[in-house]
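The next part holds the structures, each set out as structure tokens.
What follows is subunit A paired twice: with subunit B in the first complex and subunit C in the second.
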Partner chain A sequence: MAENLLKAEGIYKSFVGVQALKNVTFEIKPGEIHCLAGENGSGKSTLIKIISGVYAPDSGSMEFAGKKYEKITPIEAIKSGIQVIYQDFSVFPNLTVMENLAFNSELADRRKFVNWKRMRKIATEAIAKIDFKVDLDALVGSLTVAEKQMIAISRALMFNTKLIIMDEPTTALTKKEVGNLFNIILKLKERGIAILFVSHKLNEVFEISDFFTILRSGELVASGNTADLDAKKFSYFMTGREFTAKRFEAKNISSEPILETKNIGIEGSFQDVSFDLHKGEIIGITGLLDSGRTELALSLFGILPIDTGSFKINGKQVKITNPQTAVAHKIGYLPEDRLSEGLFLNQSIADNIIISEIDRLTVFAGVLDTKKRTDEIARWVKELSIATPNPENACQTLSGGNQQRIVLAKWLALNLDILVLNGPTVGVDIGSKHDIHEILQNLANEGLALIIISDDLPEVLENCSRILVMKAGRVVSDLDAAKADEQMILSYMM
Partner chain B sequence: MQTSWKTTIQKISRRNEPYVFLVLLALCILIEIRSGQFFSSNNLVDIASALIVPGLFAIGAFLVIISGGIDVSFPALASLSVYATTKFLLDINYQGGVWLAFVIALSIGALLGAFNGLFIGYFKLPALIVTLGSSSVFKGIMQGALNSKQLTTIPVGMRAFGTSSLFIAKNPVSGLTARMPVASIAFVIVLILVYLMMRYTMFGRGIYGIGGSEVSAHRAGFGVRKTKFTLYVMVGMIASLAGVIRVCMMQQAHPTNMLGMELNIIAGVVLGGTAITGGRGTLLGCILGTLLIVIVENSLILIGVPTSWKSVFIGSLIIIGTGASAFQVMRMNRVKSIKIRSKEAF
Partner chain C sequence: MEAKAPLKAKFATVYASDRHLWRLIFMIAIWMIFIAITRFQKFYSVLNFQTMASQFPEFGLMALGVMICMITGGIDLSVVGVANLTSILMAYLLLSLTTATGGLPGYAIFLVFFLAVAIGALAGIFNGILVSKFHIPPILATMGSGELFTGICLALTKGNAVSKFSRTYSMTINNKIGGMIPVQLVIFVIMAIFIWFLLSRTVFGTKLYMLGTSERAARFSGLNNDRLLIKTYMLSGLCAALGGMVMLANYNSARADYGTVYTLQCVLIVVLGGVNPNGGKGRISGVVLSIILLRMLETGINRFPSISSYYISLIWGGVLILVMVLNYFTENSTRFVKKQA
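Now for the complex of A and B:
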């Protein structure tokens, strides 16, 4: 049995009023791929920061590469071979790839002057280590997320690295990019480098990791061999709740379609898309990142108006040229990036809920009816079980799942007929994800027509009655969800 | 080979400097056509001499904006340090060379810059708020403690420096002459030093880095606080240098005469392609943008545009200039269109 590379034992850490970690023990061996999972706020980032020396633990001990530490400092951590790749990759978008790669080692060598030749040499060597091909003179801001990540990884490898820690490395990547990343992780493993990565995504945990550790509310709830883990146990460990995934069955589909699209298209995005949507139905639209699925979603809400084809709502031809006309036709849209597009994070939860129906709540000349406002807010907080002590708190105090419920509440307050959801559970933890799915299914059964755009195949399969698969700007198949499976969808997508 | 040509042209066309240069050229040619006076030797020397003080201020403003900050206090800072220096030298009846004026003014400038740097770098307060505040403080000290009035005479050393010239250009047609002040050397030296610093020292690259992402700079190992502090000290010194040169060239110290310059200076820097959000911009662009403003301020009169229209002209330039750079950003972020495959391909 190989020696442990890292062993952290009995780690406690509290912040004012919050016990972030309670008696957590964690070990990793050289060349091991270890997944750290847990819901938001469970203490994953805190654990990472203790290992990398950013925080000192309240108590507990750490041993790395045979050396004991009461607490490790960030410099000691780097020197002994621990590298952290943060979610934002710590890059300089305004500088070239070369500088981004060379800065860390130049600064570590305490250089005062810039030698551009030496920087180029360092950068060339750094990307060669993972066979990453990129223009060294390109600005990092112009690269894709995956390329920025590759830069962060190459940079981490420049030092005598023994452990690489990645905080949620796959969140913003496409399927193909995740594949590339995993290949690189496997190569690093061959070289004996241990990888600790944070992920909530079940399929990724299974695909790549050897061992797992799951935290809940700062406590270690399970750790062991990934081979012994299954989906059910995983979500149980994460949430402490048992879930029975309920496959959606459309109970009352209207006989007439509420929305019909006929050969709609946008130059350079998608073409010839035709489908009917009935009340009570949930249609899933899936495809790779550049398949045109997002543009299709945006066109249904008028953000990107179509240039060919036509819409019919309740059998009548209509034009949807901007979000206002879409809302007038009782269409709502839940954006992909709820943080930047769907919510006013600094405003209160309450105001975020009522913002879209503000016209209905005013009595006279723009003055709000406060009684009506309070009732309306109370109703939605309850209906969607938004976990907050006080709806007047700022929206950013909520977890991802709860924020998503608010965006939902905002739309439902309008009594819509159609709701388009783009990636409704991206970045949401398992418990909330399950709840959101339940809400969506109930909404459909109460007569709402829903369209879910998502590349999370289990999500689409579980919650939709029909699935449209898109590829290179076209709908390539229209599947009955009850008869489809992941393999089948993938084969159409790729 | 051909593709590399193409990419080079593409890269250049994405930068701001060529556009500023073209606008500048167009303006010069327009003035030349209308007046026949623009490319005369005396006018060119006049413009170069008018560029010295705004140019120095612009270099300071450029450095701060690159680091992701903003400084609106430099005119007040320069006024205070040069006013205090002149007054002190007059009081002791100093008869020596100009060097002492530079030493004292630059020391005061460093101190006042350190005041900005302390609050911005170490206490992490927003640069705009700090410099708005310090600007008032500097003006207050000048008016309150120093009881500032216009000083109509300046020490002999400063007077001599202000009137000494490198060469004198004479227009053979009109007979008009223009002097190239010795102070232009100071401007060129600062320009070269700052260029070298920004390109060849880790401190300079750190300023770009901090402007791009402060968190990343910290994690990479740049001393963010120290860098910012040093930067504001440096900018205080550059501004004070400009202040001394201004007083020497005008042969009198006026306490409020430089105040209000900050907006046109910052406008010139931004026109030259320096991103107001920090991290992006070149010294060349900064100087071109400032030159554009200086020419508009000094030469519009040559084509018969009344001075009252100057601010309208400058305002429009700023809107067009910043609009153009916003457009470029938009173009870079535009949604990449995807290839729709024909039906048969499936």
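Now for the complex of A and C:
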């Protein structure tokens, strides 16, 4: 048995009364791929930050590469070989690949002048370590997410690295890119580098890791060999609840379609998309990241108006040229990026709920009716069971699942006919995900027409009545969800 | 002891409810006490307060306009340009209306105010279109339009003051209602209440704060951002025009380079008043208090003959930086707590 590379024992940490970590013990060996899982707020990030020296633990000890630390400072952590790759990769988008790569060592050597030749050499060596091919003079801002990640990994490897911590590295990657990433992780493993992989995606945990540790509300609930884990246990450990997925069955589909799209397209994004959507139906649209699914979603809400084709709503031809016209035709859109597109984070939960329907909550001529306002807010907080002591709190105080309910409430308050949901459960923990699915299925049965755009295949299969698979800007198949399975969808997608 | 504890806690919650506002109130109180001890007679007189109340509305009105723009995450640097353009055009109009006896027809004052508001609104709409339809960053758009308006003023007047119109206008605005309250103050209070109502009690106000918080989220919520911005800048232009009309009365003349220092002063006042320059946050009470604080500081300092008025900028700058640094500490500590929780 090899020596432990890292051993953290009995770690406690609290923030102003909130116990973030309670007696957590964690170890990792050289060349081990260890998956750290847990819901939002379970203490994953706190643990990472303690290991990398950003936070000091309240009590507990840490041993890294044979050396004991009461608490490690960020500089000590880097010097002894701990590198963290955060979700945003901490790259400079306005600098070139070469500058990004050479920047750290330039700083570390305390160089005052720039030597371009030397920088190019450093950068070339760095990307060669993981056989990553990229134009060194390209601006990092112009690269894809996966390429930025490769740059962050290359940069992490430039030092005498023994442990790389990756914080949810697969969130924004396509399936193929995840495959590439995993190959690189396996290569690093061969070189004896330990990887701490933070994820809450079950299939990734199974695919890549040797060992796992699961945290729930700051406590260690399970750890061991990944081979001993299965899907049911995993979600139980994560949430402390047991779930039975309920497959959606459309109960009252309207005879006439509420929305018909005919050969709609946007130059360079998607073409020739035609489908009918009925009330009471949930259509799933899936495809790879660049399949045009997001653009299609945006065109339904008027953010990206279509160039060709036409929309019919209730059998009448309409034009959707901006979000206001979409809303006027009773179409709502739950955006992919909840934090920047769906919510006004610093504003109150209350205002976030009513912002779209606010024009109706007036006494006269734009003067707010405070009673109508409070009634509406109370109604939606209750109806979608948004967990908040006071709706006047800023909505950034809520968890991802509750935030998503706010965005949902915003549209439901408008009493729409059609709701387009782009990645409705991205970044939402398992428990809330289950609840949101239940809400969506109930809405459909109450007569709303829904479109779910998602690359989470189990989600699409569980919640939709029909599934459109997109590939390279075209709908390549229209499946009955009851007869489809993951393999079948994947074969159309790829 | 036991009775005191809840009282202290109550104070703490009142203070925490709006630290910024309370801090401004404390600063005003401290300054007033200081003046009371050192220069009581020269400061605490009805006349002195009346003078201050007739002086601050000219830049106070402009600051109100800058405030609403800043709530949307923008800024309006053209306020002084708009004010001067309005006051010059209205001065020419008054000149042509002045009768041989040096009086004004009865409708004249209503007419000039009506036209001034219209000119201000038009200039504001122009800014709003630059910002919303052409996506020019507000700081550049309004700096450019401010130069343009000043340029029009210069071309019209060749740099000279427009005066010699009937004194009736100036005397009307410089009147004291009931012998006590200056008309300038009344104009300012009406605008301040109007904007307070707009921001806190209307759909428009709510949308403004939301737009200032996130333009993207506003778009994805189906708000008509362009129209909101145009309305905002229109309102700012309107405030600036009223400021110009007060200036016209206070100086009894109009010139292209009156009040040029007000541009930056307005921005300082608004930031000092607790409006977040990134948008989405800020209340009118803070801005009004900061207008009052700065007027009192300036007038108070003038009561010390040994301190040259050249020190005023220095003190202003000092106060502004002090408040921002204090903000950093309180904001930072609350931000920290929130993040962890």
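What we mean here is this: the second predicted complex is superposed on the first by the 491 of 494 C-alpha atoms of A that agree within 3 Å, B and C clash if a C-alpha of one lies under 4 Å from a C-alpha of the other, contacts with A are read in each partner's own complex, and residues count from 1 in each chain.
Basically, contacts are C-beta pairs under 8 Å (C-beta built on N, C-alpha and C of every residue); 3 or more make two chains touch, one makes a residue touch a chain.
All figures in this text were calculated on a predicted structure; none of them were measured in a lab.
Once the two complexes are laid over each other on the shared chain, residue contacts for A:Gly473 go to subunit B alone; subunit C is not touched. Of the two partner chains placed around the shared chain by superposition, neither subunit B nor subunit C is touched by A:Gln87.
Once the two complexes are overlaid on the shared chain, A:Ala108 sits against subunit B while remaining clear of subunit C.
Using the contact criterion defined above for the overlaid structures, shared-chain residue A:Val367 touches subunit C, although it does not reach subunit B.
In the superposed model, A:Val18 makes contact with subunit C only, not with subunit B. In the superposition on chain A, A:Thr171 makes contact with neither subunit B nor subunit C.
By the touch criterion stated above, A:Phe344 is placed in contact with subunit C alone, subunit B being left untouched.
Once chain A of one complex is fitted onto chain A of the other, the partner contacts of A:Ser61 are absent, as it touches neither subunit B nor subunit C.
Across the superposed pair, subunit B and subunit C touch subunit A at no common residue. Taken together, the subunit C residues at the contact with subunit A in this complex read 201-204, 206-207, 209-210, 213-214, 216-224, 280-281, 337-338, 340-341. Interface residues of subunit B, counted against subunit A in their complex, comprise 199-205, 208-209, 211-213, 215-217, 219-222, 275, 278-280, 332, 335-341, 343, 345-346. If you check the complex, the residues on subunit A that touch subunit B are 86, 88, 90-95, 99, 103-104, 106-108, 111-114, 142, 265, 267-272, 290-292, 295, 471-474, 476. Chain contact summary for the complex, subunit A toward subunit C: residues 15-16, 18, 20, 301, 303, 323-324, 326-327, 333, 335, 340-347, 351, 354-356, 358-359, 361-362, 366-368, 394, 396-397, 410.
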